[in-house]
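Can you read through this structure? Questions will come right after.
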Amino acid sequence: MRDVLDAVAAGELTPAEAEAKLSGYATSGAGRFDAARESRSGVPEAILGDGKTPGEVSELAATAVETIGRAIVTRIDAAGAAAVSDALGETPATVRWDGRANWLVATVPAFERPDLDAAVGIVTAGTSDAVPAGEAALIAREMGATVDRIDDVGVASLARTVDAVSRLRERDVLIVAAGREGALPTVVAGLVDTPVIALPVSTGYGHGGAGEAALSGMLQSCTALSVVNIDAGFTAGTQAGLIARQIAAARDR
Amino acid sequence: MRDVLDAVAAGELTPAEAEAKLSGYATSGAGRFDAARESRSGVPEAILGDGKTPGEVSELAATAVETIGRAIVTRIDAAGAAAVSDALGETPATVRWDGRANWLVATVPAFERPDLDAAVGIVTAGTSDAVPAGEAALIAREMGATVDRIDDVGVASLARTVDAVSRLRERDVLIVAAGREGALPTVVAGLVDTPVIALPVSTGYGHGGAGEAALSGMLQSCTALSVVNIDAGFTAGTQAGLIARQIAAARDR
Amino acid sequence: MRDVLDAVAAGELTPAEAEAKLSGYATSGAGRFDAARESRSGVPEAILGDGKTPGEVSELAATAVETIGRAIVTRIDAAGAAAVSDALGETPATVRWDGRANWLVATVPAFERPDLDAAVGIVTAGTSDAVPAGEAALIAREMGATVDRIDDVGVASLARTVDAVSRLRERDVLIVAAGREGALPTVVAGLVDTPVIALPVSTGYGHGGAGEAALSGMLQSCTALSVVNIDAGFTAGTQAGLIARQIAAARDR
Amino acid sequence: MRDVLDAVAAGELTPAEAEAKLSGYATSGAGRFDAARESRSGVPEAILGDGKTPGEVSELAATAVETIGRAIVTRIDAAGAAAVSDALGETPATVRWDGRANWLVATVPAFERPDLDAAVGIVTAGTSDAVPAGEAALIAREMGATVDRIDDVGVASLARTVDAVSRLRERDVLIVAAGREGALPTVVAGLVDTPVIALPVSTGYGHGGAGEAALSGMLQSCTALSVVNIDAGFTAGTQAGLIARQIAAARDR
Amino acid sequence: MRDVLDAVAAGELTPAEAEAKLSGYATSGAGRFDAARESRSGVPEAILGDGKTPGEVSELAATAVETIGRAIVTRIDAAGAAAVSDALGETPATVRWDGRANWLVATVPAFERPDLDAAVGIVTAGTSDAVPAGEAALIAREMGATVDRIDDVGVASLARTVDAVSRLRERDVLIVAAGREGALPTVVAGLVDTPVIALPVSTGYGHGGAGEAALSGMLQSCTALSVVNIDAGFTAGTQAGLIARQIAAARDR
Amino acid sequence: MRDVLDAVAAGELTPAEAEAKLSGYATSGAGRFDAARESRSGVPEAILGDGKTPGEVSELAATAVETIGRAIVTRIDAAGAAAVSDALGETPATVRWDGRANWLVATVPAFERPDLDAAVGIVTAGTSDAVPAGEAALIAREMGATVDRIDDVGVASLARTVDAVSRLRERDVLIVAAGREGALPTVVAGLVDTPVIALPVSTGYGHGGAGEAALSGMLQSCTALSVVNIDAGFTAGTQAGLIARQIAAARDR
Amino acid sequence: MRDVLDAVAAGELTPAEAEAKLSGYATSGAGRFDAARESRSGVPEAILGDGKTPGEVSELAATAVETIGRAIVTRIDAAGAAAVSDALGETPATVRWDGRANWLVATVPAFERPDLDAAVGIVTAGTSDAVPAGEAALIAREMGATVDRIDDVGVASLARTVDAVSRLRERDVLIVAAGREGALPTVVAGLVDTPVIALPVSTGYGHGGAGEAALSGMLQSCTALSVVNIDAGFTAGTQAGLIARQIAAARDR
Amino acid sequence: MRDVLDAVAAGELTPAEAEAKLSGYATSGAGRFDAARESRSGVPEAILGDGKTPGEVSELAATAVETIGRAIVTRIDAAGAAAVSDALGETPATVRWDGRANWLVATVPAFERPDLDAAVGIVTAGTSDAVPAGEAALIAREMGATVDRIDDVGVASLARTVDAVSRLRERDVLIVAAGREGALPTVVAGLVDTPVIALPVSTGYGHGGAGEAALSGMLQSCTALSVVNIDAGFTAGTQAGLIARQIAAARDR
């Protein structure tokens, strides 16, 4: 602790960096930022934009950038992204925003993203799966994995699915996103020997709509799948990222 | 009406046959038998064994045999089948019982089953689909259709599914039965241009078990399906039988 | 394949037409268009407007028109329809839009819609069933069937239902749409020997509202019905169209 | 109160009768019997056999007979009925038991059932509706109404339904019982101007089974119905009995 | 029929009145109006404003006024009410609109509302029950019953409930509306010997919100109730109106 | 730790007592017994008999008696109770078993139950609430509270409820158990200023049966209640016991 | 009563105060205000802003201030708060509004809030729990308890939870709010011997979203919890307030 | 193919082995055995005993042993296990049966189980999690992983959970089983950087019982989890086995 305090006194650490080092989290007016989460559980702390005001999001993002050099925000709209850009305007951080998958990443030049020797394949049945698939891709990349997108291979045109098999078998772990009846992960898992994480998407209407049919079908699958909640691209991406970390660590041995 | 009454007086019609001709149904102590159903709606009246005592089932079956020459009973167990056999022991009727799919058919020698120039394909994902598939096959055959069974082609081993495609395309109408996640009808309907009736089966456990996941997946299917209730093999078979009747009538033109 | 490439070289095929011929689908910036779907599964590929921007819809519609001569769009609002009209303004295609049932069809002059010798009856209980019934009518017509509408015959005024019976019996296949308690398909199927596809509609409120009571009642029907999802007019229409195709093919023999 | 106590002292009242007069309920080892219920709310207190041991049922029935001269027990099986008969063996009470609808009524000779100038019609769709319909008939009769049964008029054979209309219109109030999709009350209420109480029955299987489809359909009915819970024949019968009481009182004026 | 046609020729009947007399319904561009409903089922045909455009509502209302002299519209907002007023501006009809309970009634001067010698009590637990209670009151009055409102007697302040008992016992039939846990109808039915129709209201939030807890509690009530769907004030009012008609007819004898 | 080990060596502590003192739990072949639970969370560790074999239950009970001098077992049937009695036959422990509420308590003579100066009132609507109410009473007594039962005061006979008010107001905390529509806790909480814990009971049938209507009604209550799960008498009793502990501690000050 | 009327005549009581004293409630155009609620059930009457117009809220609030000197309003937005401020502008009342937790309290200078010697701890898992936690804090304070907030201690960073234990153990009763999977109350109740009231929050999405997963997890908790409905901060606060009242009363002895 | 046929002719291959090599599956009277499943999808084909007769299970098991040298049967009771032992009595195969977790494995002496350099940790909250955890352990071991059980670390005694952390962090992948509220996987995943597969168990009763609360809580978890269906130990084990295969392959590089 004395080293940290000396560094603050010497101006080498900001107070926020020092608090994060000492207590594991940084405090802003909009809440706590769990700076130690990544080292403890392998998953970078991300800011969920949904349900927060642009001001709250930008304050938390600024704290994250100041503390650990990177802010990851999910479910953030244009107004939120603009607020973050403004808040970081004076800093050396650069901001990337994906308006389709609604995520934002800001990093300072010195930030080094992990680089894992492991590949995550992200498969979609159709274009309506783009948002959760994009969220999954974002976080898997930020955790250091190589990400490969294999899109639009839904089972209504089975030839497209079968054509993709050899490419699917080459990845270390797969995330397979589908809405409506959600059959794609079942079909894929019967064709490959890669672990498959099924990601149900909230498309569809009427009975079993909003992703419920897809979720229950994936839970009942006659092939081996693990599943995340409806539209939980972030969770699917972190789970794939953790598996990729284990594989990369094994390769590094 | 006078002709009917004359025929009764002359002993050419039993009272039950006469009642059926005049009012459209025969009455027994166990309830009414809708003798006119087949001519009106194309579907033979069947006796649901479930929830009836062996005595009630055998009384209704005897009335059916006496009135229209055939009794069809579904969801009937060994005790019920024995009671029907006993009740018909004095009559010239012959009894067939399928202890796997739990149906029984009794016919007098003079009974002529319709003979349609149309084929119904009944497809199952696995052996646990046998009971509702058997019920569907029974009623489609009794309505006069040719029935072809294509079993054990579930999507966990996709090659088996794909291998069956040319055989599937040759039928006039398909019933596709599946439990768990119920993906088979969706995959089949994407590969053939035949009408597909999806039959969800009450396998599976946990969330979406008892056929609910299969039903909701089939209702949400991204390919064109119509659906019947969980385990409703009888309904699937009659719907396929009605379609086969239309096709056969068109061929007869 | 060489023929196709020669034709492209000679300017007789656009690249999109060539891609569709070779790979079975055409690619646009907004996604893939499954050009081979109709030949494979008998159902024309349609574009679901719901959840797409006007720009995406119009891009996909233009690709469809360019590739196979016809674009069918469902669940498209006025803004989407205007975007499609603009996108096709330079082409010889003509556009029809139904603002009540929310569909749009664009065809080039050379496009020939199939013409089947088979009739689909579409029955509604009341005026609130118009949107899904209209969607069903659209796609059945585009598949080539003759479509006959029998409207406003709900069971609250049973005489209207009974009066329609002889007209209902003359169709080759019936779609019967109803909301609230959804009793109409059950009553109709007891009166005719035509196959009935039941289409539950998302009317009603409170317990069992949004079409759930109608759906579960149709699945439990004591007469022979197959069912589609709530408001799934498109699915009902394609299923009826596939049956009509089979009947027409039988008549053509 | 003094009169009651004098009567007990004189042996003209049993202690149970006296307690019931004074406090409104009689106490036995198996619980309280609400002797004042009928005078307060118009509905005779009945003993629900379900979930009680034969001993508890017979003790409560004996208390009821001793206190008000009649015991009504619903959902009572053969063992329970035998226990009640034994318990009342020494008394002058006579016992009727209906093994089909599972009710029992015991009365002392002096008991006078009310006699209302009003008729309740109880309508069933099929034989599987017999148990709740029988429970409804029991309690309506014990409240003094004339009860008329109109059985087996389900909508699958609509002619039977329509044939019964004039008979249905003659009753003062109707209970209409149906399972599966539960369409019969809706159809009946569109044909008569009598109040209809819809009684859903726990038949059916799969989605919407156990009476849930029937219940939700009746709640969504496009005709005017009030509804009771699934298999709640007792509640339907008491509601019809209360209406009959009001009508009979009006006739008595 | 000849008389009707003669009357049309003589200008004594409008074509709409003539069509209504002959076929039982009048046709407008916005759908059919079931003019014979009241004579057949005792319930006046009402127009549900919900889900219709102001134009459709006003067209149907004008047809109703022209045909039978009265239009009843439920779930109609200010825009709809204005459209109806405009449409009827040239006619002698007078329009009443209740902006709280969202109903509208238009009558021609010659219209005579039935006048029944029977009273309906409408009871509410709190102010949030006003809309469905108002709908119930409207239709009961239009059917001719006397209506008495007893408001704000919820069980949280039980003294208010108990204070109202003698007033409640004087009505011929009661409608009791309550949201949240819906306990009021149960408590009332234990205190009176009048038939009680329970009307669940869509208040409340979280688990069992939107009226589902109230509905299921009323269906499970340990006192005798019949129930209508959530917010179905119209259905509750018509059921009470039909009972009032029976009682009034009995009084008239 | 040295003291504990010395005591073991001296035979003053059994190894099980020593393990419990050192690690907080005792280990048997059938699982761990959390001996420190009561001191940490105020709630005595209890053994749930449901789903365990008689052998497992008796082994765990013996460990509990050996370690802390008392075993509390809930949901234990006659076979389980006999097994526990056998297992403790050689010990000085005495066993009480309640066959109605299915609990068992075994204590060694030296065991001293806490004795709190606080009273828990346990209220039931009817006799079917006895099992969860009995479970609640057991655990509240074992935690040291005085327990007072107020039975059979359901709202169908409101006078009985109101008569009990003064007695209810005298307790420090109330548990109110009810099934069916579960209205009793709402009514009670409106009449007293004591904290009320609502305990829904799994009576009832049809829609909202198995306690779901009672649970959702209690969660929606318009008076102030906290709620436990359906039939969770043990949880209700421990919550009341914890509140009684706080009150008794305050009184002891 | 005479005293009250004399006081009115003398101008010492307003008519509203007099009505509240005599009948237990005050009447305004927007409904009744239950002025006796606090003395009877220990819980101050509060006005639920949700679903009322600003005018209705301000009228009820003015009646409350006039009658008992304090108005508590929950779920009130900025427009409602402004309307109340306007309505009270002429009076000596002061208004506090919390725009985050959406509550408002207005008091006259003479109003004396109770002051209890008891402390309620209110614990949140994260910032999204602020609104219901704030509502709970408000009402507990208005009932006189000391309130201590312990925020942002969710189990994803378990160290934060464990760090708070000693502070949690010092309160007399705890409210623990959590959304998503709702694990925090279970973990807290295993660490403290204080009564815990679990407050599920409507965060989360997909299956089990809107607080349903949190609610069902809290009801199933393996530690001792009582639960309130989703987002029912008001109910949690009143329940904690009632417990605090009992403890404070015990301390006062 | 010729080689295979030559080997059959030479008696080096049984016909079953030959069929399995050529078509990918072996056929018995009881259904198909997918012999190629393991090579294709990495998961050994297992026989689900549930819903099959002892005769069918033993026939399939014999086919499996004959074809690939090993039979894995899950959800098999004592009768099924005895039938398999009998059927294999003449063969050199040895049979292991776990009567607690209900699995059976039979292997011929020559069978070589894979041996992966990777460890799966299987964690349970309590003893009621033993059956699905045992199923998971079985299949992970049969796929070649090292399996480590960490039992009885539920969050009600948080110290036990925290004590296990270092041991948990050493495994390559974790399966965490829990019933009731299912909080353990959430807590574990916040403490380790290993991928966690959550396995909900069908314990608990009342609302959210049968594992539904655990499943929905795990899907909503605020830490990174993937989930399998309720009691789906087999699926959890295969998913962990596939991840272990990837890690072991990486280590082998």
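Note that the chains are named A, B, C, D, E, F, G and H in the order they appear, and that numbering of residues resets to 1 at the start of each chain.
In the analysis below, contacts are C-beta pairs under 8 Å (C-beta built on N, C-alpha and C of every residue); 3 or more make two chains touch, one makes a residue touch a chain.
Every value quoted in this text rests on a predicted model; they were computed, and no experiment measured them.
Counted by residue number, the contact pairs of D-E are over half the same as those of F-G, the matching pair from E-F, F-G or F-H. Subunit D and subunit G have CA centres that are 45 Å apart. A separation of 38 Å divides the Cα centre of subunit E from that of subunit G. Centroids of subunit A and subunit E (each the mean of its C-alpha atoms) stand 54 Å apart. Shared interface positions of subunit D, i.e. residues touching 2 or more other chains, are given as 126, 156-157, 190-191, 206-208, 212, 215, 219-221, 223, 229, 232.
The list of touching chain pairs reads A-B, A-C, A-G, A-H, B-C, B-D, B-H, C-D, C-E, D-E, D-F, E-F, E-G, F-G, F-H, G-H. Per the touch definition, subunit B reaches subunit C in the complex via residues 40-43, 172-173, 189-195, 197, 215, 219-221, 223-229, 232, 235-236, 238-239, 242-243, 245-248, 250-251, 253.
The part of subunit E that touches subunit F in the complex is made up of residues 125-126, 154-158, 162, 180-183, 186-187, 190-191, 204, 206-209, 212-223.
Of all residues in subunit C, those touching subunit E in their complex are 126-128, 152, 156-157, 159-160, 203, 205-208.
Subunit B makes touch with subunit D in their complex at residues 24-25, 30-32, 34, 36-37, 51-52, 56, 200, 202, 211-212, 215, 229-232.
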